[in-house]
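Structures follow.
One chain, subunit A, links the two complexes that follow: it is found with subunit B in the first and with subunit C in the second.
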Partner chain A sequence: MKNKFVNILVPLISVLLAFVIGCIVIAVLGANPFVALQALWTGAFGSMRNVGTTLARSTPLIFTGLCACFAYRCGVFNLGGEGQFIIGAVVCCFIATRSGLEGPLAIVLCLAAGALAGGLWAAVPGVLKIYRDQNEMIISIMLNYVATLFMGVVYTNWLRDGTVPQTAPVPDATKLSRLFGLRVTTAFILAIVVGLLIYYFLFYTSKGFQLRAVGLNMTAAQFNGFAVKRYILMSFIVSGAIAGLGGSADLMGTQYRLINGYASGYGFDGVAMALIGQLHPLATILVAIFFAVLRVGSTTMQAATGVPTSVSDIIQALVIVFTVAGLAMVKLPQFKAAVAKLSARKEAA
Partner chain B sequence: MEEFLRMEHVSKRFGDFYANKDINLTVYKGEVLTLLGENGAGKSTLMNVLIGLYQPTEGSIYLNGKKVRIDSPAQAVRLGIGMVHQHFMLVEAMTVFENIILGDRNTKGVFIDREARKKEILELSAKYGLDVELDRPITEIAVGAQQRVEILKALYRGAELLVLDEPSAALTDIEVEGLFKIMRKLTEEGKSVIFISHKMREVLHISDRITILRAGEVVTTLRREETDGQALANLMIGRELAPSQYTKVEQAGEPVIQLKGVDFQKDSKHNGLSGVSLTVGRGEIVGIAGVDGNGQSQLAQVVTGVLTPDAGTVDMKGTRVAQFTPNGFILENVSHIPEDRNKMGLIGEMSVKDNIVLKTTETQAFSSAKGLVLKKKAIRDYALEMQEKYDIRCTSVEQEARNLSGGNQQKVILARELEGEPDLLVAVHPTRGLDIGATRFIHDTMIEARDRGCGVLLVSADFDEILEVSDRIVVMFEGQVMGVYSGKNPPIEEISLAMAGK
Partner chain C sequence: MDSAFITNLILASVRMATPLIFLSLAELYSQRAGLVHIGLEGLAAIGSLVGFLVSLITGSPLLGVLAGAAVGILVNMIYAYATINLCAEQIVYGMAINIFAPALAAFIYRVYFGAGSELVQVGLMTTLSGLLGIASDNFLVRLLLDQTPMVYLAYGLVIFTAIYFNKTKSGLNYKAVGEYPKAAATLGISVVGVKYAASVICGALAGIGGAYLTTCYSTTYTDGNVAGRGFIALAAVIFGRWSAGGVLLACLFFGFCDALQIRLQVGSYGIPYQFFQMIPYIATVVVLTIIGMKKAGPKGVGKPYLREER
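For the complex of A and B:
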């Protein structure tokens, strides 16, 4: 109980501190921090249109966040969310633009193929880890570059459309439908559903329970008869499939075509979301939406007050730094002692 | 004699468990003080307080009569306290010389004046008879020499008090003699030594005074002349060494598990098995006696499917085991109380409740639709029942298992492992670090399991425990079975010799 309280309190205080420092930076830049923050708020939530944009922006972050979250729960580090996301989008792009299929069936096929591709891409570090004991972090990061460069080949050569190095957009009939005519699409709903499924799996099924046990103590899990290696490989594949699904959903929902720089940074953003969300799938979704708010709102802030969007980047980075530092701090014996002393004093009073 | 260290009313509490309670301890200059106590008596905790790894919950520490606060190992070094851990803290790829100057704060500037340092070290080593080869890498020198490097390292950093944690555990007899000579040399030069051991013979040989710890408290401190081995043992255990109260089974039932000529990393003296043949029958407790690290851990892991033997055969209830997996053995109804409860037995960050049902969430009782829906209420109710039955003391079954005391953690494991009425129970150091009450409870539970027909393989480094509950005693030394003895009126002398490889 006490732990849960701390787990929520630390990110909240971190956000608060990040905003305080952000305000100081804004003030130093010569703008009124309150006006700037108000502009940021309006940019993100000022109208239904803005809300739609914010949610649309959060969708890929939710997918990569859940991707990182799932693997971490099994005790392995999948830093390759970006590559898996890209591979999902690339495969989706192939099918959408080249298969000639259209309609709901094509959409379902694209999503499934994207998830499958992402899962296979993530299986590479998983297999190398369990059979060759290779470091999964390094291999999954390296595969990000491979995926990015592979996507480069696709949009500059194989699927190039005209003179610009980019692919043709996916056909209109495979574009995901918008919700209430806003920029947010069914991809967002899909992301939420995936999050709920992961939550249910982790905390309400026996396999999810065993997966968490493996993640928390692999040796004990092995001694208690769990097939640890199988769980590790499966968690990698599922984690990659979530990212791949996100990639194809994002391509058909928002991006429509592969271009230079697509999905850059999504992978590590996802890792940050998962960590701030304490590896809880639902919290990870909330954190992803929060980051989308900062990103969308900052454009309005820049237009209204002249405060550059990079101030929002600073705030985002500070949230990550403070949360990580805060969570490390509450584990320190000195901190625990201080808390014990405080509560003892309270009892005495 | 002049006093060097004084600890006054030192207590160290973890949760509501006192690892050390109101400890008073004095070490004079030029003496060897022995800390004697069972596993879990609080010796290590006390020393960790002394070298600044732990902060005492209460109490104060005085050095040379001045009150000090030791908040880090580095601070302890500055104050002249050096510790040689049981498991050496050396960088194996580096040379002896590099290890000794590692972390030395006297070096000024960026460069190390190697020649000057070497000269200092050689002077020290000549003074105390600590002969080492400075330019050899650690990997190439013997264990005894590594220990001398550790001592030299401590002295080089200006230690006035040396803490030696079970220094003789890994040494041959000749090396132990050498170590004692060095200790004498140190005390002649006015340095003090705290010697941690439970080998009675050595304690009586080298100590000036002996402080006995039991259950976290100081029982008494005696001069060597005023005591003998039997008296010390009784003080350490806290009762007269009573003959075992459990009735011994002389005729076991049909074999549950049978090993024939099992090898595992045969050439490794300390972590291997070589030609081990042994049988555990229904309704008997087979105790594996031996000094820690003579293959007992590997034996336990072979008969629970964690390790696959390199050669030999294992028959489980008459059927040859083809594949060694923990799950395969669990399905054969083998239970395991592993040697390290935190690392191997429990998922520390999960609740007591979750740990109790760890292996059984897929059964009908705790989930439906093949594990797709966990029956949370059934799990909780069952956990509450087990909490009652096994007397697990926790604030709630939702409490994280890592926050329980050792004894209660072990009870969580017992509840999980014994409720299925196993055919074979493999218990490794099941009472290590537990108090007498918890130990008795665990022994009673094992006897009960035996009496309902379970075969029990008990591995313990605690000889008294082996004598107390075993129906048959198997002695292991360097991975081999040295002999099998009856648990009824066992030939203690003979077994002790076998444990030493004779």
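For the complex of A and C:
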């Protein structure tokens, strides 16, 4: 119970600290931090329309966050969420613009194909990890660059539409429907459902338990006769499928076409969110929404105060820097001893 | 494939290998002290930006490189404190640096140049032949003299590192910290001190590696200009089996891949250029797959060192 409390407290303090530093930076740049924060808030929540935009913005982040979260639960670091997301979007783009299919069938097919493509893309580092004992981080990151470049081939050559290097938008019939007429689409609901499914799988099924056991202590899991290698590969494929599904859903939901810079940074953002959410799927979703708030709000902030939007990236980065350090600190024996001493003194008084 | 193609390829390989050498040595020094660092990409990004800015403001690429080293050390102290004192997981914290440092770099760039900034360019470091006033088309002259001082520094550091880790007492002590810190501590070696020294060296070299990109290679800074070199350096250390000589060969190989893709892009051959750009990344995957892991690295890498723990 106490542990859980600390696990929530540390990220909250980190967010607070990050905002304090963010405000100092804003003040140094000559803007009023309170005006800036207010603009940030109205930008993200000021109207139903803004809330819809924020949720739409959070959707791809939820997918890559869950992708990182799932793999790391099994003890493997999948840093390739970005590549898997992109490959999912690319495959979706091919089917949506070239197959001639339309309507719900096309949408389901696109989602399934995106998930499959992402899963296969993630299987590469997974297979290399279990058969060649290879560093899955380096491999998955290298594949990010390959995927980004491949997407480049697609939008500058194969599916290029007109003079601008971009693909044609997906047909209207394959666009996901908006919720309440806002920018947020059914992709957001899909993201939440995926999060709930992962949560159920990890904490309420025996397979999920075994997967977490592998993540906590590979050797012990092996001695217990768990199929460690199979879990590692499975976690990679599922994790990639989540990202691929996200790419597909985001393309049909908000992005519509492949362009330069699409999905850039989503993978590492996902890792950051999973870490701040301490690998809890539902907490990861909340962090993703928080990140989206910062991003959407910072645009309004820039318009109101002239502070560049990238200050929100700094705040995000500081949250992860503080959270990870804070969580390590509370596990230190010195810290535990100090806490014990404090509570003993309280009892004596 | 004419001879000019091959000459240019070799010359470009040396140029492209240099930032990788700095980054790989940074990783080597960190890992030899038991600190696996996947945040080099981030350190290089901030080093690259600060190197660019300082060289732009002062007009001296050399000062740019020094500033890059300084900021690399500064940012790496965050990593050092978190992993050494707070015993944070090194991989996780490396990731945190990878997210933090590029964000900082992008932010400083936006603040300094404003939102709608046009392309700002900066002069590059003069080559040795330029300093000496030699101009020749001779291949050997170009290979040996037509290089920036940074290239000589990189090779000098490789030689120094090889001697330091294998022939000096201090180097062996250093390595002991990475292999088995408790034994090293019993011998009176300051484990924490060595780890901090390693972090200073690592930060400086990674910062220099990043600054190389904006003071010796490209005349401008763009977000993401490190382009995965920080991670390729990690692969180079594995490929080079944690030895200075091996790392050098690995870097030359990856530098060659990078040079090859640039050269092939020029030829184009009707193939989308992105396929050529994939070469260094695919080569990294293929090389790692072929050599396999074989645990050859320092034994204590990735493990936190707690003095109280017995």
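Keep this in mind: the second predicted complex is superposed on the first by the 349 of 349 C-alpha atoms of A that agree within 3 Å, B and C clash if a C-alpha of one lies under 4 Å from a C-alpha of the other, contacts with A are read in each partner's own complex, and residues count from 1 in each chain.
Please note the rule applied: a residue touches a chain if its C-beta (ideal position, glycine included) is under 8 Å from a C-beta of that chain, and two chains touch if they have at least 3 such contacts.
All figures in this text were calculated on a predicted structure; none of them were measured in a lab.
In the superposition on chain A, A:Phe209 makes contact with subunit B only, not with subunit C.
Contacts of A:Ile289 after superposition on the shared chain: neither subunit B nor subunit C is touched.
Greater residue coverage of subunit A by touch, when subunit B is weighed against subunit C, goes to C.
Using the contact criterion defined above for the overlaid structures, shared-chain residue A:Asn135 touches subunit C, although it does not reach subunit B. When both complexes are overlaid on chain A, the residue A:Ala191 reaches neither subunit B nor subunit C. By the touch criterion defined above, A:Leu29 reaches subunit C but does not reach subunit B. Using the contact criterion defined above for the overlaid structures, shared-chain residue A:Cys74 touches neither subunit B nor subunit C, since it reaches no partner. Applying the stated contact rule after C-alpha superposition, one finds that A:Pro333 touches each of subunit B and subunit C. When both complexes are aligned on chain A by C-alpha atoms, subunit A residues 333 touch subunit B in the first and subunit C in the second.
Across the complex, subunit A is touched by residues 55, 304, 306, 325-327, 329-330, 336, 338, 343-350, 354, 358-359, 361-362, 366-367, 371-374, 376, 398, 400 of subunit B.
The touching residues of subunit A, counted against subunit C in their complex, run 29, 77, 79, 124, 128, 132-135, 137-139, 141-143, 145-146, 149-150, 152-153, 156-157, 264, 268-269, 271-272, 275, 302, 308, 310-311, 313-314, 316-318, 320-321, 324-325, 327-329, 331-334.
Note for the complex: subunit C touches subunit A at residues 38, 78, 81-82, 86-89, 91-93, 95-100, 103-104, 106-107, 110-111, 115, 224, 227-228, 231-232, 234-235, 238, 272, 274-275, 277-278, 281-282, 284-285, 288-289, 292-293, 306, 308-309. Residues of subunit A that touch subunit B in their complex: 1, 3, 204-207, 209-210, 212-213, 216-217, 219-227, 333, 337.
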